[in-house]
Amino acid sequence: MSFVTESTARWIALVATLADLCVALPLWWLFDPQTSQMQFTEHVAWITSPPIYYSLGLDGISLPLVLMTVGIMPLCVLASWNAVTTRVQGFMAMVLVMETTMVGVFVALDFVLFYVFWEAMLIPMYLLIGVWGGANRLYAAIKFFLYTLAGSMLLLVAILVLYYYGGHTFDILALSQGTYPASLQTWIFLAFFAAFAVKVPMFPFHTWLPDAHVEAPTAGSVILASILLKMGAYGFLRFSLPMLPDASRMFTPVMVVLSIIAIIYGAYMALAQVDLKKLIAYSSVSHMGFVTLGLFVLNQQGIEGAVLQMVNHGITTGGLFLCVGIIYERTHSRLIADNVGLASPMPQYATLLVIFALSSLGLPGTNSFVGEFLVLVGTFSWSKIATAVASLGIILAATYLLWMVQRVVFGVPTPHHLPKLRDLNPRELATLVPLVLLIFWIGLYPNPLMSRMHQSVTNTIASMSREKVAPTAHPSAGVITPLLVDSEEPLEIQGGSR
Amino acid sequence: MEQVFFFYFAVVIAATSVLVVALRNPIYSTLALLIMFFHVAGLYVTLHAEFLAAVQIIVYAGAILVLYLFVVMLLNLKQDVRYHRQWPMAAAVGVILVIEAVVLTAMKGWTTPAVAAGTETAIAGAGNTEAIGDVLYTTYLFPFEVASVILLVAMIGAIILAKKDIGEREA
Amino acid sequence: MTELSLRLAVSFVQILAEVSLVMLTVAIMTLAERKVLGWMQDRMGPMEVGPYGILQPLADGVKLFFKEDIVPAGANKAMFALAPMLTMVVSLIGFAVIPFGPDITLNIHGLTIKPFVIADINIGILYILAIASIGAYGIILGGWSSNSKYSLLGGLRSAAQVISYELNVGLAIVGVLLLSGSLSLVEITEAQSGGFWHWFIWGARPDGFFPIHTQIFAFVVFLISGVAETNRITFDLPEAESELVAGFFTEYSGMKFAFFVSAEYASMVLVSCVAASLFLGGWNAPYPGTIFEYIGLEQLAWIEHIVWFAGKVYFFLFVFIWLRATLPRLRYDQLMRFGWKVLLPIALANIIITAITVYLFPR
Amino acid sequence: MTFKAWIKTITFYELAVGMKATMSHLLHYKPITMQYPHEKRILPDNYRGMLSLLRYDDGTEKCVGCDLCEAACPSRVIRVVSAEVPGEPTKRYAKEYYMDMTRCLFCGLCVDACPVDALGMTREYEWSVYDKRQLHLNKEQLLAIGDRSFPVREKQLELQHPNVAFFNVAFKHLPQKPD
Amino acid sequence: MIPLSYYLILSGIMFLTGVIGVLLRRNIIIILLSVELMLNATNINFVAFSQYFHNVAGQVFVFFTLTVAAAEVAVGLAIIIALYRAKSTINIDEFQLLKW
Amino acid sequence: MSLYGTDLLALLPELIIVSTACLVIALDPITPASRRDLLAWLSVGALALCLGLTGLQISGENVRVSAFSDLVAIDAYARFWKVLLYGVTGITIVLSLPYLKAERIHLGEYYGFILLALSGMLVMVSAVDLLTIYLGTELMSISLYVMAGLNRSKPRSLEASAKYFVLGAFSSGILLYGISLLYGLAGSTKLALIAGAIGTRGTDDPLVLIATILIAVGFGFKLAAVPFHMWTPDVYEGAPTSVTAFMAVAAKAASFAAFIRVFVEGLGGLKADWSIMFLLISIVTLLLGNVVAIVQTNIKRMLAYSSIVHAGYALIGFVAAGRGDSLSGGAPGLASVMMYLAIYSFMTLGAFAVIGMLRKGGVEGEEIEDFTGLAKRQPVAAFFMLIFMASLAGIPPTAGFIAKFYVFMAAVDAGMAWLAALALIFAAVSAYYYMRVVMVMYMRDPNPSSIAPPRLATSPALSFVLACAVAGVILFGLFPNPLVSFALQSVLTLK
């Protein structure tokens, strides 16, 4: 690795991420919003027995997420341009690997492929946190790693079980068409839940997140908050809902309750933080609570809101983390108390920070408002009480964010603590401004986004509401008989799981 | 008569094997094993395996056990013999296993197995040295060769392990 | 039951005769060794007890018998007592399969008896090897139980030596076994009848004279190893007076000592018997048939056979003494090197060559 | 190893030579053993056996108590207590004379040292005793041994070489003493 | 004719004694002796079956067992001697460098 | 009297291996110490030759050539293992060279013993007769006992050897007793005949069960499955690292090969019984192995427990095979075991190679702490270790994931999704201790007190092989198809 100098590495990474962005952006226009079908599909045989394909595709749900991913990544590279000084080559390599795997997760249409991407990001993320992170990075890294790994291990079992009960295929679309016995659905749902809920993270499984976010380098935090968390929600949306409708319905109350707990709890925890990153991390928990809430109220508005909120959260929280990173580069502290009154030395920075904060608390006109509003609308049709309680989260968000802004931006700085802080340089501006633009674009004119996801969400809802009776018959006929499979006889299913 | 011999041998074998395990002085254990080897050889004779009986004594008593004695004496082990702390447990397990094995074996007896169908040439009057040689060098030639390689390994291995100055060759 | 008791009685008589013969030979040997050694060293040997000292063995016996039995302090009494007995027994029971005379069977009350061999078992030679391999125990135990460093060292040396040379003994006789196709000493001896050129040391085929199957190398290996097995000079390292006082029986006295000594002589006799049976045709005369047959006394031919056998055995015994008179003791490492690097390859090569010749020119 | 040596090795040539030697001793040589109690070897004339004190032919002790023997003895065998002959102030004699024969190594130095040839070495060698105190000899015993072994006494000193005892056979020209 | 099961019971007792010895004793020599017990039990089985079937293969197997036993002993004792030289004990419990 | 010409031809690779071993041992005394590398290369050359020969030997996929009166079978199953063993042995030899030099125990006999042990393994994988398998096991074990004690200046090495020996002898005694009982049942030790005899006698015969249990216990020791694992950590820690690698990989693979053959071909009739038994064993193995591995501070001990755990995973595939309705139904399970071991072999070898490389310049390279900051000092070695650790933890896209994937697939196929789930939970636990190594390497700074960065005990050949191993681990993770089909074809010849 020594034959690549540090600056070369930075440039390579930047060029690569930008190239990705350039390749991905046309998809926005090439995408046909009228269909719920997968588009831009790739289907290449990968492993013959069992039949596993290198199968990719985009629909309205994954498109925004993919675009968000490729959009965020160059910003991450830029953000770590000077922040990362040790082992730059490795860092950039990890960032690029992360991008690969994250995009892969969003576009994979084969379950094993999905899982490979899903798992493969663990090591680079682990290293990002552990090598380039803060003081307590070792603990955070291993915690992140183990939490996510443990969850995803159960995912693998669920995938395998689905393979056998779903007609010996790993094709996600085919599996989504399949019907499964109710009890089996329950078990698989739980397995999925373990994987996705950790990733999101939902309430009882969130404890890795503050540690990881706080200890990760700026780019790591951005990746974590903006993209990684979405993968859990994406998993719920892509797999749990269409494949396991009965179980999803059954678990809806639980999920909603957990989501609301996450919203409130996250917000309360955020209130108590003195560390900027931790504050944002807990705000993420709260915001992701909205996403899961939207997903599991199981209606059009809720899900669309959730998807939108995923994107929004990616943008907004990413921006916030970038802001924290910028200030950390200057003051070497993330504590609110150490970064008071930045408005006068750094007016540009202060402005942007305020915008991100306002977006995060869901000010109308910013992106989060649209998302959260849709989620709440969806929730309202499911339960008014839930809506009311969840709305409390928004208020709390306003509290902690405004409090933060008040202190950081407008506070009275202690004299010894106010060196001549430089304002944003062009590079930093380049990282933040696109996000601001996105915030306002989505906040003011979400329709292009909504229209692109509409069909897919409708399709998801539709595939859920299909009357799926738990059949005992096995839909294995007609699929390719893999070499590995011994007999055509379906396995005896008793109680769905053994 | 046969019964008398069998029971004599059996009792002595069982007793000495217990002694091997129970005696505290390694030398006595070794000697108990020696007695056992002789009686096992005797048992082979009653089973018309005279050749094996002789080989048993030559190899076990004459070579293996002498090596043991040699080592025991070379290392001058007399005293330090203790049992594991978990010996009551082990003993209990052992006794249970013995009883179980005996009961199982006695209960089932030995029904005629379906060996006749086997491809092995059934040789009447087993125990014939010639027959052993014949089978050993035809049917079981391959294991025989493997066994010879095992001996080769053991030979060189023992030298490598026990020779004092082998490491110094490496300058 | 009467048959059984009769058989037991016959066996008992045979054993008794055998043991007394052997012990007589041993007694003779103790004297003969000293006499011959003396003569070879221009001395006279024992002269005081009886005319020319011929009653010396008797006197020795009496003396040893009445001598105080000393058990060293710290010795393991049981083992200390067991060791000489073990040695003695082992030396004596080997004779059970030695054919002293021709393979005649007598019929007494429907009971077939082979008068000149106690047990003609089909694995006779293996039996002897097995018995010989036990011999080490007596020495080793004697050495160990004496609680004396000289004894222990002697015992350990003997263990190493006996194990090493046993191998050569075993390998040396394989050629003979290949030629005779039997493990029974009786059959092996019979296979060598018809003149000295049929003896395996010469190894002519039954219809010829040319020594195509000669076992002379095996014979030499056997003889040397036999000397080592019996702990005789030049291989008497276990005793090695000059370094180990008296080796493994340093602490022994009285009858126990006598046991050790007589066991050593008995095993010499045994080795001689085996060597005679395997390589020098056993009871066979070095010419076809027997003189008694030619002069018409077939019934007495066995006397001639026994005389020949005894002659051969005594020749070997003489050689033992002769060697002792001539050669110095080897050093321990020389002993081991000689056994493993010289005798063993020779024995192995002999087996291979014999196997080839037997394959090409079957008997 | 040359070829010849190699051949010798594998044919046990050296061994055979040795065996031949022993065999020839067995066959051709008479035993040289002496059946000692029954037959005894002939002692050489210069045999150095038991020490003794000598007398002149008139029965007087030769010893003049000069202590030279005691000084010469490397093993401190001898102890002499000399005294004047009563009434003759110029003459001395050995009042007591002890020899601890357990220590004696029969070197003969005392004999050499004696200026008056009062000491002699006899041919007696069978001096095994049960009690080694018996080997602690006094003058009387030593004189008795001398009397026993040297019945013929010397009258004069004319045969004496200045440094050598008269029975020293190194001087062949001197007349020998009959046994 | 002795029933086959007698031999099996005998060998079973021997075998279990050997197993117990291995588990119970701490002196490595005794442990090896116990292993010899186990192998001998096997041999008795082989020979008994062989006689029972009139099938000489069992006796051949005993041959192999003997070979293996001899080889094991050679190596094992070499190890013990080397170990003794290094540590002056052959008590398993005193091998403290490597804990169980 | 036939000279067994065809039989000898069938066993040509084994013969080559044994004769090369003898050649190496014979050449050793006349080879100067500086040229001893040549012996290693000679051995590698012989392995390459055998690899080619084994490839040529079998024409059809479902063909079984029997040799030496049906005691040995040359079939695709054996070929799979043989190819694996050749590769593993070759890598071991290459990685031994610099390590042995660093440890100053570069003896020529070492290579001879590796080859002899390999010949034992070859016998194990190709024999279809219990006694022959036993002899092969012994040949392998005795060679390994000696190799474990090769570093005689270290009491640890000898102690490892002693422990290995005691338990090895004990286990083979148990195994042999089981074999003797089966001989009593069938009158033969040939697996086919035993299967027939079990068929006629029925599976509820107590003696059959006893024999099966004994054989299972015997193999349990060789596979280092809990509760027969106790020798593993000690031996792995004490033995020279290259030997440990060889033991952990080749010996385990060969034992598994024989184990599968015995239980499928010979005791296939008792599937229902032994699959329960091994199910329990595998669960206990996973549980205990993982839990104890966490607390290890020595990386070799850690890898020892890791190898125990991996045996547990492989056993899951085996249990799945046993739960199938028919034997062909077991095929995917068996194939998964084979794949698992193949992949496990390469990643474990790689890990041990990196450990061995650190053995120079004062760094012991055995405590996990010794790896502190390795990424800064030796970035390439650390990266390799990272890949191997990730693979051991089963994280895609490494081959370790593929291995686990197939095993769990077989388990789910056999209706044991719960087992797969359990095992995967353990896999997550295991990731902890693997990642700890990564953490120490990458996330801790090198100890400032450790002076100059140690040079690695390496050689160009070792670097090349390691790079190949890394590439292999990743490539098999991405494109497992060849391996999968190879294993699937191979397993078909099991009868």
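Annotations for the structure displayed:
In order of appearance the chains are A, B, C, D, E and F, and numbering begins at 1 in each one.
Here is the rule we use: a contact is a pair of C-beta atoms (placed from the backbone, for glycine too) under 8 Å apart; a residue touches a chain by one contact, two chains touch by 3 or more.
As the structure is a prediction and not an experimental result, all values here were calculated from the model.
Connectivity without subunit F: the remaining chains split into A | B, C, D, E (groups of touching chains, all others kept in their positions). Counting steps between touching chains, the shortest path from subunit D to subunit F takes 3.
When chain centres are defined as mean Cα coordinates, D lies farthest from subunit F.
Of the two chain pairs examined here, B-C and E-F, the one linked by more C-beta pairs in contact is E-F.
With centres computed from CA atoms alone, F is the chain lying nearest the middle of all the protein shown.
Ranking every chain by how far its Cα centroid lies from the centroid of subunit B, the top place goes to D. Centre to centre, using the average C-alpha position, subunit B and subunit F are separated by 30 Å.
In this assembly, the C-alpha centroid of subunit C lies 33 Å from the C-alpha centroid of subunit E. Centre to centre, using the average C-alpha position, subunit B and subunit D are separated by 72 Å. Shared interface positions of subunit B, i.e. residues touching 2 or more other chains, are given as 51, 55, 63, 67, 70, 74, 101, 105, 115, 118, 120, 139-140, 143, 147, 150, 153-154, 157, 160-161.
Multi-chain contact residues of subunit F, defined as those touching 2 or more other chains: 131, 135, 138, 142, 145-146, 149, 152, 158, 161, 184, 187-188.
Across the assembly, subunit C contributes no residue that touches 2 or more other chains. If touching chains are joined by edges, the resulting network of the protein chains shown has some other shape, matching none of path, cycle, star or complete graph.
Pairs of chains meeting the touch criterion: A-F, B-C, B-E, B-F, C-D, E-F. Put simply, subunit A touches subunit F in their complex at residues 1-2, 46-50, 87, 90, 112, 115-117, 119-120, 122-123, 126-127, 130-131, 137-138, 141-142, 145-146, 149-150, 153-154, 156-157, 160-161, 163-164, 187, 191, 483-487, 491-492, 497-498. Remark: subunit F residues 131, 134-135, 138, 142, 145-146, 149, 152, 154-156, 158-163, 165-166, 169-170, 172-174, 176-177, 179-181, 183-184, 187-189, 230, 233-234, 237-238 touch subunit E in the complex. On the subunit E side of its complex with subunit B, the touching residues are 1-6, 8-10, 12-14, 16-21, 23-27, 29-30, 32-34, 36-37, 40, 43-44, 47-48, 50-60, 62-64, 66-75, 77-82, 84-85, 89-91, 93. Those residues of subunit B that touch subunit C in the shared complex are 27, 31, 34, 41, 50-51, 53-55, 57-58, 61-63, 66-67, 69-70, 73-74, 76, 129.
Put simply, subunit C touches subunit B in their complex at residues 76, 79, 121-123, 126-127, 129-134, 136-137, 140-141, 143-144, 152, 155-156, 159-160, 162-163, 166, 170, 183.
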